[in-house]
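Below you'll find the structures, each written out as structure tokens.
Each of the next two complexes has chain A plus one other chain: chain B in the first, chain C in the second.
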Partner chain A sequence: MEALSIRSMFQVSIMFYVIAAVISLVFIKKQRLCNTASNLICAAGSVFGMSASILKIFSEESLIAIHIFQSSIPFISADIKIDNLSAFFVLSLSILVFCVSLYSIGYISTYVGKRNVGLFNFLYSTFILSMFFVMTSGNAVFFLLAWEAMALISYFLVVYEGEYEENQAAGTLYIIMTHVGTVFLMIGLMLVFSHTKSFDIFGSSVGIPILAKNIIFILFLVGFGAKAGVIPLHIWLPYAHPAAPSNVSALMSGVMIKTAVYGIFRFIFFFLGAAHIWWGITIVILGVLSTVLGVAYAYIMSDMKKTLAYSSIENIGIIFIGLGVSFIALAQGNLMVGSLATVAALLHTFNHSLFKGSLFLGVGSIQYSTHTKNIEKLGGLIKKMPITALFVLGGAISISSIVPFNGFIGEWFVLQSLFANIVSGKAILNLLSIISAAALALAGALAIATFVKLYGISFLGLPRSEHALQAKEVPVIMNIGVGIPVVLCLIIGVFPMLLLRVADKVVFDLLGVSLFGQLKGGLMIVYHPLKIPGSVISPAAALIALTIIAVLAMLVIRVIGGKYIERRYGTWDCGFEALNSRMQYSGEAFSNPIKIVFRMLFRPSNELRAVGGSTYFPESLEYVTEFELIFEKYIYNPAVYLMQLFSNRAKVKIQAGSIHSYLIYIFVTLIVLMTYNRFA
Partner chain B sequence: MFSYFDVLSVQILFSSFILMANKRIKSYIKTFRIQSLLIALTAGAMGFSLEKGRIDLLVVCLLIIVLKVILIPNMLEKTYASVEYIVEKDFILNIPILVILSCALVVFSYFSVSTIEGINSGIINAQIVNSMSVILIGLFFMISRKKAIGQIVGFLVVENGLYVTALFSTHGLPFIVDLGVFIDVLTAVVIMGFMVFNISEKFDSIDIEKLNKLRG
Partner chain C sequence: MQYAAYVLIQLLVIIMLAPLLDGIIRKIKAFSQKRTGIPLLQVYYDLLKLLRKTSVVSEESTWVYKIAPYIVFSTSIAAALLVPVTTKIMPGTLPGDIILLISILGLGRFFTMLAALDTASMFGGMGSSREAMVSILIEPSVLVSLFMVGLISKSTSLPQIMQAMKGIGAPLTYPVFVMIFLAFLIIIIAESSRIPVDDPSTHLELTMVHEAMMLEYSGRHLAIMELGAMIKQLVLITLLVNILIPHDQLIAVTGIGALVVSIFIYVAKVITVTIIIAIAEVCTVKLRFFSIPNLATLSFILLFLGFLQYFILGGSNV
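Our next item is the complex of A and B:
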């Protein structure tokens, strides 16, 4: 009975998304109505999805199966199977969809009358649906179909504002990279099929020999890594996220790249099993690379959405470190550390979708009211948009993993699992853990700097442009959309047990080990499983302590300093007439020290040019600073060059223009295939 | 058991040899007519002989006669009459070599098809081998001819070969599939006839060796 109702709730959720898609096409002429209606329906669907997945995780039912359709043609059937892992990801999807849908009611209304809003809503709801299917599909063929649908729909959303050339280029890069990834996945799944003769995701991989398993692992890692945006497969991400409308970027960064994490859980962790230590080591190394480089690039970007995109790469890196540690631990049979690391990866996946979602939405609000996402043109927004400022601050604190917010919890668990993975007698593995922990700490510091820059330059100080001066607070509905995830971030941050209980249930389902007994301590306190006194943390206590300290400090200042009198003076301006916005610290200036410290990575070049007048008395000065994106320059550009060279050669040699030679190609292919048929 | 089907399939194969040996474009079309007639006969014979009496195969037989024996060749003749006046050498290699190569193709398809399980119980199914050879010869015919009409006829022969292969291996496709195939072919011929006409307008010839600008 219970399982039945959960199943029907999932079905209702799917139906709502379908209805939203249909409605947006039916009312394509009445844009405002269409936008409100379809977004509200999506939000309603997400409420069902949320409650169904929570119920699912805490129900006794192990697997909920829904058949959408089945056909007599082999392997062509759409069936959904939801276990706890799927339910966890669906929960994360649904929460974000709820917020983003509310937000979109306001955000998309700027497009009314200018663009095809109905089409956008259609794409939006089918995009959600495709992600839902990716997370819940029961067979590999359906999974690939949903995966491709997700890639294509998100491509169309990325190029929704397609009149700008950079958006087209971003879309093209994205679709190429995602298809390269899909090719790897396809080959991997075919290899699986050739050994198991089944496309069942929940099947067993016992029949696959070791060598094939290793090859399949690499194929899956590349395939999912391209979608997740792990360095060095990340190049599409910093272009595609800024190009898409902000609500779509929130979904793409919050959930879509997590489908790759889901895929790694489902196909490598769950299906292949953690067979070798080197799998884990590879994943950890990729994670460390992404974490450090991702945040380093995030720090120097002046486009806010690019910063957030690179920070997504960083967070994916953190998730990968957690995953990798769990692979290493499980391959050695250390179930406890393995489950700790898995919980860490799941926690950070969930948390990241919340705070990254809220940050992208917050930046969308800024873009909505100032029409720019360039940090150098903003400033002083805290006075114009106080509510947005508050929420973005919450998101920024959370993503910088500072205590009372949830970003801290995930990273703390990743670090704990790294420390727990250090055991005597395994020098190289220990070295890896220590270096990873150090890298994670470095990345944490850089992340704080990144978000101090993002928040400080855009919200504090004086407005740097007319747009920033004219900024107004966004509609309430948009603020609600930004606010809900921030509030959730705070709640989870203060009471981590709420989320830990869910994640622990999921991991128990996967590994059969429950951490929960060792995390006891009520709702407020998190113990580390090793019961070392130093590794206990209680975010709630930290919050209380913080408040007490702040109040005490205020009191002390009052008591010692006496009553202070408010005086309103102009700031001393060195004898200039008035302070203007150009005298402030700019974003570029803020990031320059790091650029110089890490000049090996960024290879910055500065140039001071005189403009107008004579050389000695120029009318104005121009300061140009540039940096290199090393992966693009040294890996992708040569690859693209080789491809183009090959294509040009092929055009001359193979595609000679003669119809006879084309016919001969067909003929020869036929002959070769028939010969193959003889010997196969 | 179906020995007259064997005979028919050999005759269809033989007609494609005749096609390969033809020198003039008009005779290509005539040979195509004969081959299509043979295929219509095959379908008709199959419709009568199979135990359940497939009426739809008789309809198919009628369709083939209307479309491939009368309509399409007439259209081709009309197109030919309106574009080409000069008779010149149309083939790349000379006829005897082409015929010998076609023989080699038959041997090759025997070599390739003979291992497929299920279509031959004990002895090789000659019908399948013959009709596969028709496909290969049709394609080879397209390669060996220079004029665009030759390509169209070659394409039609390939299509004939595919259809006969399907007919012999399944003893009657679903009717809807047949209909679809015929309509496809008809459309293709209409379009190609039109294209040939345009090509001749543009280049004053239908020699496809002059169409060498098609490249990316």
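Our next item is the complex of A and C:
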């Protein structure tokens, strides 16, 4: 009975998304109605998805199966199978979809009358549906179909504002990279099939020999890594995410790249099993690379959405470090550390979708009211958009992994699992773990700096342009969309056990051990410690302590210093008496020291040009500063060059248009095949 | 009960002691320049005076500027509560560990840097940007050094670490702890804005880091910002002396007497380290800004060598 109702709730959720898609096409002429209706229906669908996945995780039922469509052809059927892992990811998807849908009601209304809003809503709801299917599909063929649909629909959404050339270029790069990934996945899944004769995702990998397993692992890692945007497969991400409208960026960054994390859990962790230590080491190294480089690039960007996109790479890196440590620990049979690291990866996946979602939406609000996402043109927005400013501040604190927000919880678990890994590990693993810990610390400090820059330059100080001066607060519905995830971030950050219980169920499903199984008592007790062997922390206690200290400090100061008297006066400008917005530090200047310190990585070049007038008295000065993206320049550009060279040669030499040579090719092929058949 | 006593002692000792360290450093600097210098307790008088003065607040600033001092101050105090000054009165566990400690200090830094940008002043941005660079460079050393002592004592919780260190007896006779000690000295200098990383007594725009961020503050806001920074410095020094130079194993007796003796020894240790820092400040000049990475790298390399010696080459077995 219970399982039946949960299943029907999932079905209702799917139905709602389908209805939303249909409605947006039916009412394509009535744009405003269509936008509101389809977004509200999506939000309603996500409420069902949310409650169904929570119920699923806490129910006794192990697997919920829904057959949408079945054919007599083997494996061509749309099977949905939801276990705790799927439910966990669906939960994360549904929460974000709820917020983004509410937000979109306001955000998309700017497009009304200018663009095809109905088409957008159709793409938006099918995009959600495709992600839902990726996370819940029960056989590999259906998985690949959903995966491909997700890639294509998100491509259309990326190029929705296709009149800008850079958006088209971003879309093209994205679709190429994602298809390269899909090819690897397809080969991997075919290899699996050739050994197990089954496309069942919940099947067993027992029959696969070691060598094939290793090859499949690499194929899957490249395939999912390209979608996750892990360095060095990240090059599409910093272009595609900024090109899409902000609500889509929130979904892409918050959930879509996590489908790759889901894939790694499902196909490598669950299906292949953590067989070798080197698998884990590879994943950790990729994670460390993404974490440090991702946030380093995020720091020096002036485009806010690019900053957020690079920061997604960083967070994927943190998730990968957690995942890799769990592989290492499980390959050695260390269930304790393994479960700790798995929890870390799951928590950070969930938390990242919340705070990155809210930040992308917040930046969307800025774009909505100022029409720019370049921080050099912003400033002083906190006075014009006080509510947005408050929520974005919450998101910024959270993503910098600072207490009392949830970013800290995931990072704490990752660091604790690294710590436990050193206590129990071998020499090479010790070295890897301590370097990862140092990298995480570096990335943490860089993240703080990145979001101080993003927030400080855009919201504080004086407006740097007319756009920022004219900014107005966005509609309430958009603020609600930005606010809900931030509030959730705070709640999870203060009461991490709420989320941990959910994640723990998933880990129990995966590994059969439970970190917090012995936990009893109410959910909302005030002193809410996180307890693992060797350490206890309580973010709630920390928050309470911070509040009490601040209040006490105010009282004591009141007693000593008497009544607070304040005098308003201009900011100190060295007696210049004409402070203006150009005297403030710019975003470029803010991050310049790090650009210089890490010049090996960024390879910055500066040029100062005199414009007009004589050499000694120029009319104005032009300062150009540039940096190199090393992966693009030294890996991808040469590869593209070689590819084009090869294609050109092939065009001239092989496919020259001569019938005679084509006949020769056919003849040679025939001979080769006949010879092969003779001997094989 | 024990918990309340612990909190009370922590607060009293740390808030009372923190400004004294600045007084000592200024006195030693004055002596080195053949001056008498200000009285040892002048820092306290200054703070009290500042608390009573009118605050001049920038017209451009917002609520971020006004709440930042309270957040910075309470993060420093919260950090102080996580680092026991004596093991003679100490709860078995604290609701926090080294990672939380770093994160709490991060919250303080986040708001210090934001507040500096809030006034639209060029100096604020300058200070904030420089602080970002220094903290980015030194942060790996902070985490790794605390991680290493944690690994050796098999816990990330500070009470447990301090208990384990008492068991070792004299940690500084082992090479790994000497490395950590030296690296942590560099960390203290960088994090509390001392020469050679930053010069706390100058307001020259070419050199200042922390002072540039404080430039707009005045009155009570300035007082609690400064006190917060002093407490943070003392917390770092406390970490150093109580982890690497444990002393409570020497006191055989228990009870109130032992507690008093223990706190006295603690204060003596802190003052000794302060004198070392003062001497370092007197003997060196401020580094060129872009030479700070070398100093940060030096501290990380020391830690890394220590790690190699202890965990990889088998120093733990000796």
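The definition used in the following text is that the second predicted complex is superposed on the first by the 624 of 680 C-alpha atoms of A that agree within 3 Å, B and C clash if a C-alpha of one lies under 4 Å from a C-alpha of the other, contacts with A are read in each partner's own complex, and residues count from 1 in each chain.
As a convention for this text, a residue touches a chain if its C-beta (ideal position, glycine included) is under 8 Å from a C-beta of that chain, and two chains touch if they have at least 3 such contacts.
The model shown is predicted, which means the values in this text are computed figures rather than measured ones.
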Partner chain in contact with A:Ile659 - chain B first, chain C second, else both or neither: first
Partner chain in contact with A:Lys651 - chain B first, chain C second, else both or neither: first
Chain B versus chain C as contact partner of A:Ile594, first or second or both or neither: second
Residue contacts on chain A - larger count, chain B or chain C: C
Which of chain B and chain C A:Phe10 touches, first, second, both or neither: neither
First, second, both or neither for A:Leu670, with chain B first and chain C second: first
First (chain B), second (chain C), both or neither touched by A:Ile434: second
First (chain B), second (chain C), both or neither touched by A:Arg678: first
Touching both chain C and chain B, counted on chain A across the two superposed complexes: none
Chain A to chain B touching residues, read off their complex: 651, 655-660, 663-664, 666-667, 670-671, 674-675, 677-678
Footprint of chain A on chain B - complex, ascending: 92, 108-109, 111-116, 136, 139-140, 142-143, 151, 208-209, 211-216
Interface residues, chain A side, partner chain C - complex: 379-380, 382-383, 397, 400-403, 408, 411-412, 415-416, 419, 422-423, 427, 430-431, 434, 437-442, 444-446, 448-449, 451-453, 455-457, 460-462, 527, 529, 534-539, 541-542, 545-547, 549-550, 553-554, 557, 560-562, 564-573, 579, 581, 583-585, 589-594, 596-597
Residues of chain C touching chain A in the complex: 48, 51-52, 54-62, 64, 70-71, 73-75, 77-78, 81, 93-97, 99-100, 102-104, 106-107, 109-110, 113-114, 116-126, 128-130, 132-133, 135-137, 139-140, 142-144, 147-148, 150-151, 154-157, 160, 215-216, 219-220, 223-224, 289-290, 293, 300, 304, 307, 311-312
